[in-house]
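Below you'll find the structures, each written out as structure tokens.
One chain, chain A, appears in both complexes that follow, with chain B as partner in the first and chain C in the second.
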Partner chain A sequence: MKTFLRIVAGLVVLGGIALLAFIFVPVQRTQPVAELPADWQPEPGQGEYVLNASDCVACHTSDEGGTLAGGKAIASPMGTIWSTNITPDPETGIGNWSFDDFRGAMIDGVEPDGTHLYPAMPYENYRLMTEEDMRALYDYLMTEVQPVKNEVEETALSFPFNLRFGIRAWNWLALTHGPGFTPAEVSDVQDRGQYLVEGPGHCAACHSPRSPFMSQDGVTVDDANFLAGGVINGWNAPALRGEDSDLNRWTVSETAAYLATGRNAHSTANGEMGLVVEHSLQKLTDEDNIAMAAFLKGLDGDAVEVPETLAPRAGSIEVPEADKAGEADTAMLIDSDPDMPLGARLYTDNCIGCHFATGKGAPEIFPELQGNRLVNGSETKPLISVILNGAEVASTAKRPMTLRMQGYADRLSDEEVAELATWLRGAWGNDAPAISAADVAAVRASAASH
Partner chain B sequence: MSHSRGWPLPRKRRKAPPPVPLEDYDRAYLNADEWAFVMAATARLIPSDGDGPGAIETRVPVFIDLQLAGDYGAAGDWYMEGPHDPSAEPARGWQSPLNPAEVYRQAIPAFDAWCEETHGEIFAKLSPEQQDASLTSLQKGDVGLPSELRDFFTILLANTKEGYFADPIYGGNHGMQSWVYIGFPGARAAYRAWPERHNVKYPLGPVSISGERA
Partner chain C sequence: MARQEQKKDVVIVGLGWTGSIAGIELAQEGLEIVALERGHDQNTVPDFQYPQQIDELKYGVRLKMMQKLSQQTLTVRRSGDETALPYRSLGSFLPGNGVGGAGTHWNGLNWRPQPAELKLRSHVVENWGEGIIPEGMNLGDYPVSYDDLEPFFTQFEKVAGISGYAGNLNGEIREGGNPFEGWRSEDYPMPPLPTTYDSSKFQAAAKAMGYHPFPAPAGIASTAYVNPYGMQMGPCNFCGFCERFGCYQYSKSSPQTTILDALKRYPNFSYRTQSEVLRVELAADGKTATGVTYWDDAAQEEVFQPADMVILSSYQLNNVHLMLLSGLGEAYNPLTGEGTLGKNYAYQMNGGITMFFREEEFNPFVGHGANGMVIDDFSISQNDFGAEGFIGGSYWRSGTFNGQPIRNMPLPAGTPAWGAGWKQAIGENYGHAMSIGSHGSHMAYANNHLDLDPTYTDRHGRPLMRMTFNWQDNDLRMNQFMKSKMEPLAASMNPDLMQAGFKNIGAQYDVRPYQTTHNTGGHIMSENAREGVVNRYSQTWKAHNVFAMGAGNFVQNTQYNPTGLVGALAYHTVNAIRTQYLSNPRPLV
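And then the complex of A and B:
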């Protein structure tokens, strides 16, 4: 008996020591994947380009704080996470960080004092970046970004998520890959695309599903669920691969145009993706947007035809006619029988001028509603919100015209929006469940409270 | 595919709730005497006893009241500096130093005084036949209004037509009655396939800016 108690006591002590070690022993930073020569210098503009490709601005610039000075509220399932100041201000920013400190944040998610970053910072993805790109980015942040003194709000999640040392265990589960980039060696173009998508672009942060532990289920091209579609803040981030995906239907040029300009022959970028285009993708070279599009197109092993340039189409673009799946509804809308279903009547009275009886819209201006991911999404908030509040596709360098859809909140009741949305989700071959007036009322109320 | 909703929605029609009766209408610009005149005059310009709806059922007086209270009444975006030449051709545009709201305000009592002198009663109290005769005199310039009021009949008639045919959001054309009457389907912008369908009646009723359908 005594021996047994002694063993138990010993185990408790060991466990306690292990727990203390878990909490207090500093995390060992991962070694860099490459040693740069002492005289290594980034190419002119390289750091800013990496910054754009990594879309740092998306989180680290708030409306009030100044560029890259943090303080933006990032909604997460655990609560609000406040982004940090990454300007070189020594007191409130990262002015005192060494490059090793910076790399530690990028690939291990730890601050210089060992504090774990919340994985809202996509170090799961950034750890795939090359040493050169990280160094160029670091140099840019330190020497070319204006230091801004901006004390940002401390992130204060509720228990147990406020115990940051717990992220150490989460990292054991989440960081099973990298650091460093491993090209699939398909072609130079596709490998470049793979790098941008996997690493700086951190596309998987939204477009891969999440594991039960909330880590990305699919971080690199070797993972089965890589870019198989996710849900973020009530928006579907559609699958970028698979037979049913948009990218399977779109040409490489069309996908590249979507990335570079927020619009293509089929669709427009809304919500978070619209911001990604505005802040990041439109600033990349055509070659890089083509590379990403080519990589995504070849993700399922298909042969890929890579266009040489992203030249805009010359002349006028034909408005597409109805296809087999859409024929019947198109004819019904054109015939305009007063006895048509209410949803179809509402479409006729409100939407048809731009999206047309075919539901195919107008190339590069009005998105297709037939087969549209947002229309048919498992998440219904985006569709309802677009109908109620309208949508805007930002001006981009190559396509400066801002595309704007008006909102119909004043024109349609909750019941009417539900009828319209439900009809849209079954028209022209669309096949998604109905939307209720209560769903609409909830979105209307949340918009009103902003 | 099914879904629940609170109550069935009318498929073909959605109309605005019934408005306040014209006699209880809370006027934005016109005073009581002016209101009585506008009611009586528009009722003669587009009478209710013909084929289609009249100015009263379509609430044209409300349209005129709201317009006079707004930018139109104040000539908000018109060039209003002189010179004003009452003898100028109509094509030369507005030739009065008064804005439309001021024209209504000054012309109505002047015209009422003429009616009283000529027919023994103010315009609103005359018989329909006398009203028609008075309006004819007004149109022909036989009433002797001062030159800065010379366009009163012209704008009264134009405003009446506008109130009759404009979108209901501006207060007139209540229930889109005039559109239904003439077969105008509203600004639906979905007629691409129809110009080639000769001798086929377009079947849908109109839609208004606020989404009413008839």
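And then the complex of A and C:
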């Protein structure tokens, strides 16, 4: 018994020492994967391009602060995380950071003083970036970005998430890959796409599922669940692979057009993805958007035909007819018998003008509702929110029109929205569970409080 | 002392079709541009959104999209011996208001004039001699030909997203298109829209009489569409709310659907709303403009906006008014024929037949503004002016464009206007009528003109513009000719009842009922400074850095809706500015 107690006491002491070590022993930064020559200089524009490809602006710019001056609230399951100021202001930004400091944040998630960043900063992905890209980004931030003095709100999560040393343990579990990028060596184009998707683009942050301890379950192409679909802020981030995925159905060109313009023959980018298109993807070269689309298309091992140019369709584009799965509902809507279900009647009164009886909408402008990920998602907030509050696809260089769908909050009751949404989730071969009036009421209330 | 804004390269007056075209084409040159818009800003969502927009009472009857007459209007009289009175209640014509201008509330009928219409004086003189030109008619040639404009018609049609079927493709006449149109270098950007029942019925009857029906060219999308600026339209759902309404469906061609969002991306372009331009300021020598002075409605003060170039792209009536107030030409005097500004104001001569079929259902609520089948068999190029005794022509169209209950209830003549008899007639007739319209040319005359009113002033103390206008025998004879040709066609369809509405000889202009918002002329194009206000590039003869866009350039009105020619002239003008003027600013002719 005594021996046992001694062992227990010993373990407790050991555990205590380990914990103290965890808290107080300084973090060792990972060594860089490549050593650049002393006189290495980025190509003109390279740093800004990496910034765009990495979508830094999306989190590090708030409506009130200056560009990249932080202060934007990032909703997380643990509470609100406030993004930091990454302008070269020495007091409130990163003006005093060395490149080693910067790399430490990018690949280890550690600030110069050893403070652990919350993994809202996707260093799980950024650690896959090349030394050259990180250097170019650092140079850009230091020399071309205007310093902005902006003291951002300190992130104050509740216990136990306020104990940042816990992230050290989390990092042990999450950062089993990298640093540095390993191309799959499929083709130059697809390897470039892989790099952008895995590294700067940090697509897995939303499109991979999360492990039980909330790290990305699938960070690189070697992981089974890489880009197999996730959930972010109550939005489904659809699977980008697999037989049922949109990307399997879409051509490389269509996917690339979606990335570059937020719209294509089938769908539009809404919610979080809309912001990614607005702040990041539309600013990339056609070659890079094609590369990402090609990489994603080949993710399950299929051979990929790579289009030479991104030529989103222009001129007159024919509107698709109903297909087999949608025939019956299309016929019912055209017939417009007043006895048809309430959901179908509401669709006729409010939606059919643009999305048509076929539920196929019109290419580039009115998204398909048949098979639509947002309509059929496990998360119902986005669909309800679009019906109530409308949606907007931002203006992009190649498709400058801001596409706005109006909201119907003032026209439809909670019960009606539920009827309509439920009907949509079963129409034209769609197959998703019903939505209740209470679900609608909750979304309506949350919109009203914002 | 007026507030002064920072100098710009270009100031654009009015952000409708031509202001948007000038804006985006000149923005591509890197010029610093500001557009001043009298009205409010408006976008498809929320301003045109469903169902608020399809409110017939608010927009169709109370005309909420139109110019506010308390803010700006004109006076009207029929002849020099009448006293003109202010147009205090919108009636005969409906100028638009706000960003997008009339381009937001039009019907979408987009035509090219026939080659003969642009050289009408020569066409008449060569075929019948000068002798058939009536006394008092100012018949002229445009200083540009159809061939000059062809590339710009094509360009505008691609931008505006026009649906149709070419009848003359590079000289090859195609079955099912308009065999009497000018040649087209390319087919329409979109295929024609589907045909409603009334237009199919008209098509069959016209064919049986040996005429040549074809689908009306429509600024209404028949498919999804992406234009050369990357702007987008969605296919029309035939809701029937085009004219007087903004389109909630992104289907109608407008500055909003085809230009503005692309234009707003240019950092060198900006625009200010609630900014009503009061006058163009001229340099001391009067040979160039130095900018414009406008009224900033928000700040309630006058502002001087200096600029190297001034583009006048407001509505035709407002363009002419502004030019009269600014001395951008000598005011036209109908008694002496001296002066050019305000000369050749013209309009449109329309008529039609309504037919009632007790046993037929037309579902008039299915339609759009440019719906229908058309014949051009009585158009300007087809009529023997010498034999018929008039100069002019018209196109005929049949196709429902709305079934709106307040304004579109055709009833047999003699039906009580209210009460049980009216109700019974509505019940019996709603949906059982179709019509054929004749949309005819209007010539220019010495008497029909625009000048400054001697009595009335606006809220800024500026004299109102005065319109002197009346119908003339030549156009009325044309109209009666159309009636005589249309009645047999209508009768061949065997309606239970038909009633014609064509103005008779001697008809006097009545400014109260709506007729058409195709007001043209007043700052007409000409070969030389003696005959008109602007040259072939819409550049004013008076000041070479002032360009005036729009239907004010029309020498006389064509038989068609003006937008196609307005758009082509705008592209022709900006092309000249880009390729000839910017490198060496000077009079281009």
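Everything that follows uses one rule, which is that the second predicted complex is superposed on the first by the 433 of 450 C-alpha atoms of A that agree within 3 Å, B and C clash if a C-alpha of one lies under 4 Å from a C-alpha of the other, contacts with A are read in each partner's own complex, and residues count from 1 in each chain.
Here is the rule we use: a contact is a pair of C-beta atoms (placed from the backbone, for glycine too) under 8 Å apart; a residue touches a chain by one contact, two chains touch by 3 or more.
Small disclaimer: the values here were computed from a predicted structure and weren't measured.
**Q** Put chain B and chain C onto chain A via the superposition and say whether they clash or fit.
**A** Here the two partners, once superposed via chain A, clash with each other.
**Q** On the A-aligned overlay, A:G353 touches which partner chain: chain B = first, chain C = second, or both, or neither?
**A** Once the two structures are laid over each other on A, A:G353 reaches both partners.
**Q** Taking the superposition as given, does A:I435 touch the first partner, chain B, the second, chain C, both, or neither?
**A** first
**Q** Does chain B (first) or chain C (second) touch A:E364, or do both, or does neither?
**A** second
**Q** Identify the partner contact of A:P209: answer first if only chain B is touched, second if only chain C is, both if each is, neither if none is.
**A** neither
**Q** For A:L412, is the partner it touches chain B (first), chain C (second), both, or none of the two (neither)?
**A** The answer is first: A:L412 touches chain B but not chain C.
**Q** Would you sort A:G315 into first (chain B), second (chain C), both or neither based on which partner it touches?
**A** The second partner, chain C, only.
**Q** For A:P183, decide between first (touching chain B), second (touching chain C), both and neither.
**A** In the superposed model, A:P183 contacts neither chain B nor chain C.
**Q** With both complexes superposed on chain A, which partner does A:L403 reach: first (chain B), second (chain C), both or neither?
**A** Touch partner of A:L403: chain C, not chain B.
**Q** Check each of 58-66, 76-84 or 148-156 in chain B against chain C and return the one that clashes.
**A** With the two structures superposed, the offending stretch of chain B is 76-84.
**Q** For chain A, give the residues common to its interface with chain B and its interface with chain C.
**A** Shared contact residues on chain A (touching chain B in one complex, chain C in the other): 350, 352-353, 356, 411.
**Q** Give the list of chain A residues in touch with chain B in this complex.
**A** On the chain A side, the touching residues are 333-342, 345, 348-350, 352-353, 356-357, 408, 410-412, 415-416, 418-419, 422, 426, 433-437.
**Q** Please name which positions on chain A make contact with chain C in the complex.
**A** Chain A residues touching chain C: 312-319, 350, 352-354, 356, 362-366, 390, 395, 397-406, 411.
**Q** In their complex, what parts of chain B are in touch with chain A?
**A** For this pair, the touching residues of chain B are 1-7, 9, 11-12, 14, 186, 188-190, 192-193, 202-205, 207, 209-211, 213.
**Q** Quick one: in the complex, what on chain C touches chain A?
**A** Per the stated touch rule, the residues are 43-46, 49-51, 189-191, 222-235, 237, 239, 248-250, 257, 261-262, 264-265.
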